[in-house]
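Okay, so chain A shows up in both of these, paired with chain B first and chain C after.
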Partner chain A sequence: MGKANARKTVPAAGWAVMLAIVLAVAPAWAAQDEGVSATEVKIGSLEPYSGSASSYGAVGIAMGAYFKKINGEGGVNGRKINYITYDSAYSPPRMVEMARRLVEQDHVLAIVGSIGTPVNTAIWKYMNDRKVPQLFVTTGATKWGDPKGHPWTIGWMPTYQSEGRVYARYILDHIPDAKIGILYQNDDYGKDYVVGFKDGLGEKGRKLIVREQTYETSDPTIDSQIVNLKNSGANVFFNVTIPKYASQAIKKAYEIGWHPVHFLNNVSNSVKIVLEPAGLEASKGLITTEFVIDPADPRYQNEPGFKEYMAVMREYDPQGDPYDQFNVWGYTVAQLFIRTLKQCGKDVSRANLMRQAANLHDLRLPLLIPGIVINTSPTDFYPIKQLHLAKFDGKRWVLFGKLYDTSKMHR
Partner chain B sequence: MQTFVAQVISGLSTGGIYASIALALVLIYQSTGLVNFAQGEMAMFTTYMAWSMLNAGWGYWPAFVGACLFAFALGFGLERLVIRPLETAPELALVIVTIGLLTIFNSVAGWIYTYTIKPFPSPFPAAPIKVGFMVLNPQDLGVVGVTLLMLALIYLFFHSTRLGLAMRAVVENPVSSRLVGIRVSWMLALGWGMAAVVGAVAGLMVAPLVFLEPNMMGGVLIYAFASATLGGFSSAGGAVVGGFVMGILENLTGTYITLVGTKLKLTVALAVIVLVLLIKPTGLFGRAAVRRV
Partner chain C sequence: MATATSKRDQGAVAGGTNAGQERRLFWLRFGALAFLLAAACALPFYLSNYQLFEFSQAFIYAIALLGLNILIGYNGQISLGHGAFYALGGYTTAIMTTRWGIHYGWTIAASGLLSLAAGFLFGLPALRFEGLYLALATLALALATPQVLKYFDTWTGGSQGIVLDKPPVPLDLPLNQDQYLYYLSLAILVLALIMAWNLLRGRVGRAMMAIRDNPVAAETMGVHNALYKSLTFGVSALYTGIAGSLGVLAVTFAAPDTFNVFLSIDLLAGSVVGGVVSISGAIFGALFIVFVPVYAQQISQAAPWAILGVFLIALMYLMPNGCASLLHRLWGALEKKIAGASAIPADLTPFEDGAAEEDQRSARAASGD
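Let's turn to the complex of A and B:
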């Protein structure tokens, strides 16, 4: 980009030709950021391969599988992807240590797709101080969309707040006599959801909330909270809980005969990990949102993009379960990175990588729900802003209603 | 009123969980004079053993007995291999060893079984029992009943058997006990084994309610400590009462005291520990340790 501009503005005079050469070469020097050579692009990711959140580790492995496929096809613009991934253990201090290792010893161009809000928060300032891209962090926290304060960090998933707005919109449109009870985890994640939800309900709609309950991750059970929500007379339940407590809430509500319209945050909508332990019968009728496809859904089986995913998983990640949603996430974030890298053209630098990440237009990726497109701009660091509602039919999530575009909902 | 009754019932059932682990804590304290921080994790680990046996096709009761035997061997073995070499070490060293065991069991369980939650079968019927507007969960009633049963067995053991008497004597005065012919170190190992069995039963009762996962006992242990402190570490019955009181107290303060709400429930447990230690360190039912000097 810099090259073309420089050439255009140069007059024919001899001294200016000299200047032109200098100008033309300068971006080429700038392009020699760490982590890039003529034959490779070195990037890193930090994922929890051990510890309590190790099931998320699938994200990092699936990313690697997709990069292997890309390398097998010759890489991007002649450069192969040198992908280094370390264990974050979902521990903030370890995350900092490993991020420093990637940046200062391995000299990566960028850290891509690392999962987890607390761990990414721990390296947020470091990455921005060092001006190393913290690309497409895999978490739904709203704070990653801060191009002014943190121009080197960008997320990719729909935010918790926007998901909260979708449920609010649905309630306002379809449940006029709603009396809403909320259960949420008492931390950033839980509060983010509730902020978006209340915002979506608006001044009037907020009066529909009859009871709010919280829990701590140290609570052995949340029975007491569910009992309170039931006795508040709520007929709508907004359930903002992590998998273990989501299972407990679904089971307990069913046992004590409370049958509200039950909205379950998509953090915990895994059939295998959450709904099966809670009981499939008790889970019937749950409503959630989705933005990536369910690999078990028969209607996608013949789509070329889906078949490619299955083939890549089979060949490069044979131990991974292709039906595990985290593999779908990892595969998708890897594709997003490759598309961004291609868009960088010849100027593969940290600055241009961020510029292109904020310059994606109507990008469609095969594992996103049909209709969802990725859009970013220098002032919009939220790549995916659309969500689809889904209802559990006793076996799997079935899409229903319409696709919600949260960028068009008031903030 | 309906809310009040429902919260008391729910408090009794979570209280049953606290009481069952508190009972194991008190048992090991009574039989060895030691507080075992790994008690909850040992219970969790033996519950995983039962889960493995169930997965291998065993019936519920064979797996139950199998887990109890495994727990006894585990507790007994730990005392012989890990605690015994530190017999003469200061108490603080033993405390640190049990904390080390806590993290080891937690990590090993995560390593072997992963951290995703697993449903665990219950020996009690699944259908809730409705009494008026109250809904009782048979599993909750089962936890309370089994805890009381274990308490009765422990009481009988310590007060009506020679072995129980010998174990009490060992804690009271190891030197004299040895002189009258009691094998002190075996008694201590026996205490560890028995406490592990009580923990295993607790784990098997709790797992259907909270789901089986390596951190299942993390929160429970704090409440169990509060319960044991409240009831008195030297009184098994006190610890059980303490457990039920904690469960109900936690629910009622969370529901009716806005300042506490659901956000400060754990703080209530910690406040109870501090208050009891300040005002009546022996707990409600405990005896002060008297020593002739």
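Let's turn to the complex of A and C:
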């Protein structure tokens, strides 16, 4: 032994160590991302189970119900869904905290179907910085379809803007002598609708607008706005209000004898919460749009996909109300996720999950209005772009007219 | 304050006659504080980034609660609207950093100063309200905050809010952003604690407590009640504004929904749970605000608020004057055992903020008497 020998053994040992490290790390390269093992896929969702927006919490519970059903059938490609859901309380700081818990502590593969624009905005940058999929965000804001700036975030619902375009198209096609009055909430949600609506009307159509009125969520009533709209001589009313004010608007217009063609944004098309308080007689003839079916509508009762929904709700979410639209949303988001996961095949990684979410073609889900299919591409992050008009007949919404494809309307 | 003063005199006398005991007490307290601080500084090496983020949030809330304790506990004015000052601080930082590109460090100071001014100005008319009426006026402030923020949407970005960048780590320190934020909030918290301790043990603090205990007597003794009450409101808002600024930097997002009425109620609940007439109580209250809701929802997904409510009621029964008061008593017993002290001076360390002898008063302050 001597120094010469040592000089040889040291580098050799160094190479050996490096080889060992490579060997140790190599399986990690081959293995999938965090949140995936041979037997399970771990995902999370953040929903407002408490606080002022807690009625939205049904979305997260219905998602869980569907995943339980899938797990009962053996999971997806042999992997069960480990679904973790926390309370976002509709509070942005809590949302950030809980998203970090899901990503950094629970090591989920993705966050799926979380509801609410402000809370999802709070984690938008974080999710994209960490490159963790923020899948199928449950809000109608237009900003979620930004594949260039935010490639790890994708929505699923039709946007407010596209809904506005549908009403505009209908007016241009069917009401040539339209004089339009608009009432909208003075914030991003209301303005998003009006942007889409005006865009849909085009240069010429915009002249049909005779009066625009706004309200704040702090206003006790919107009576004076309705009176102003009536006095403007409008015969078409585009009503962009949240449930409380939607009820007031319908009632007031009826009371003062104003009977325009009344378009009601689908944010407020709940029969139970909006139309019944306003009066079913006063609500007759209202026009809205729909993209998921109304569970109370008798024409779907015998469809196998609908029966399955009712069975899943009965078995796994017995406390939930299957006629609550938020359960329909949650169930549909969960189905959309499972279909995306199946499409991933063997490569269940964050990158592939995102690739497949942007690679859906003519996907049909049972609770969507007949004819609506989901399509995405690397440049199109708006899964549902079709909407159907519906008219209120005094009891329920009845589909009429044709299915509108909003992707062919703009630009 | 008569009792506290006499006790301090006793302490001084005891110190004079038994210097050894006094010294032992001092080192015991100094050692305990040094140990706590060292433990807090060592945490980043043991915890994940997510856990550090939770602790940073707790420290930030502790700063806000400190402001609330000064106001409610030491000056007897109730505020259900401190979320408004938290929002003011938060939005000051959000707007200054994103729109004007000002370094976040300056914005923390600006948030504090702006909140100080706003708090002082709000304190002036609030002088006319006592007890429940002040509670109601401040509740209105909390309720109005999100709507006011939405109204000035050219500045605040409306309900979309403002997205910020995380504070970058300065001077190439070998820390990641979460660790840096942890140390930043810890440093500001320690500074805030020391300042509060200094403020409360001196002339100003005595005047504040005198107003709380007997405003007429205080006035007779030459305390300018109106000025002191408004100033206390301002100082309290200063603390909360700084917390708001740090809170927005930690979450990197400010939106009207961040600052809803529940924030104000959370702050008040934290303050009471921690111990409203104490400085250290702010830390316990903050830990409560941050950690208990998370565990409450693990117990029951369906009704986290019910669990939280049960927890609050139980805590109030077990520790009617907050965690700090219980801890103070335990610590007192420990000191007695170790140092053999018979009379414990009331204000040697921030640990000892006179919580025990304030028990009665805090009850009175809380009832708005």
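Keep this in mind: the second predicted complex is superposed on the first by the 381 of 411 C-alpha atoms of A that agree within 3 Å, B and C clash if a C-alpha of one lies under 4 Å from a C-alpha of the other, contacts with A are read in each partner's own complex, and residues count from 1 in each chain.
Everything that follows uses one rule, which is that a contact is a pair of C-beta atoms (placed from the backbone, for glycine too) under 8 Å apart; a residue touches a chain by one contact, two chains touch by 3 or more.
Remember, it's a predicted structure, so these values are computed and weren't measured experimentally.
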| item | value |
| --- | --- |
| Overlay on chain A: chain C relative to chain B, clash or fit | clash |
| Partner chain(s) touched by A:S218 [first = chain B, second = chain C, both, neither] | both |
| Touching partner for A:E97 - first (chain B), second (chain C), both, neither | second |
| Touching partner for A:S55 - first (chain B), second (chain C), both, neither | first |
| Partner chain in contact with A:T376 - chain B first, chain C second, else both or neither | neither |
| First, second, both or neither for A:I256, with chain B first and chain C second | first |
| Which superposed partner A:Q134 touches (first chain B, second chain C, both, neither) | neither |
| First, second, both or neither for A:N231, with chain B first and chain C second | first |
| Which superposed partner A:K125 touches (first chain B, second chain C, both, neither) | second |
| Common ground on chain A, meaning residues reached by chain C in one complex and by chain B in the other | 50-52, 216-218 |
| Complex contact set, residues of chain B against chain A | 2-3, 6-7, 10-11, 13-14, 17, 110-111, 114-119, 128, 135, 137, 206, 209-211, 213-216, 218-220, 222-223, 250-251, 254-255, 261-263, 265-266 |
| Contacting residues of chain C [partner chain A, same complex] | 48-51, 53-54, 57, 147, 150-151, 153, 158-161, 163, 247, 251-258, 260, 262-263, 293-294, 297, 301-302, 304-305 |
| Contact footprint of chain B on chain A as seen in their complex | 50-55, 186, 213-221, 223-225, 227-228, 230-231, 243-244, 247-248, 255-257, 273, 276-277 |
| Chain A to chain C touching residues, read off their complex | 49-52, 85-87, 89-94, 96-97, 100-101, 103-105, 117-119, 121-122, 124-126, 187-189, 216-218, 319 |
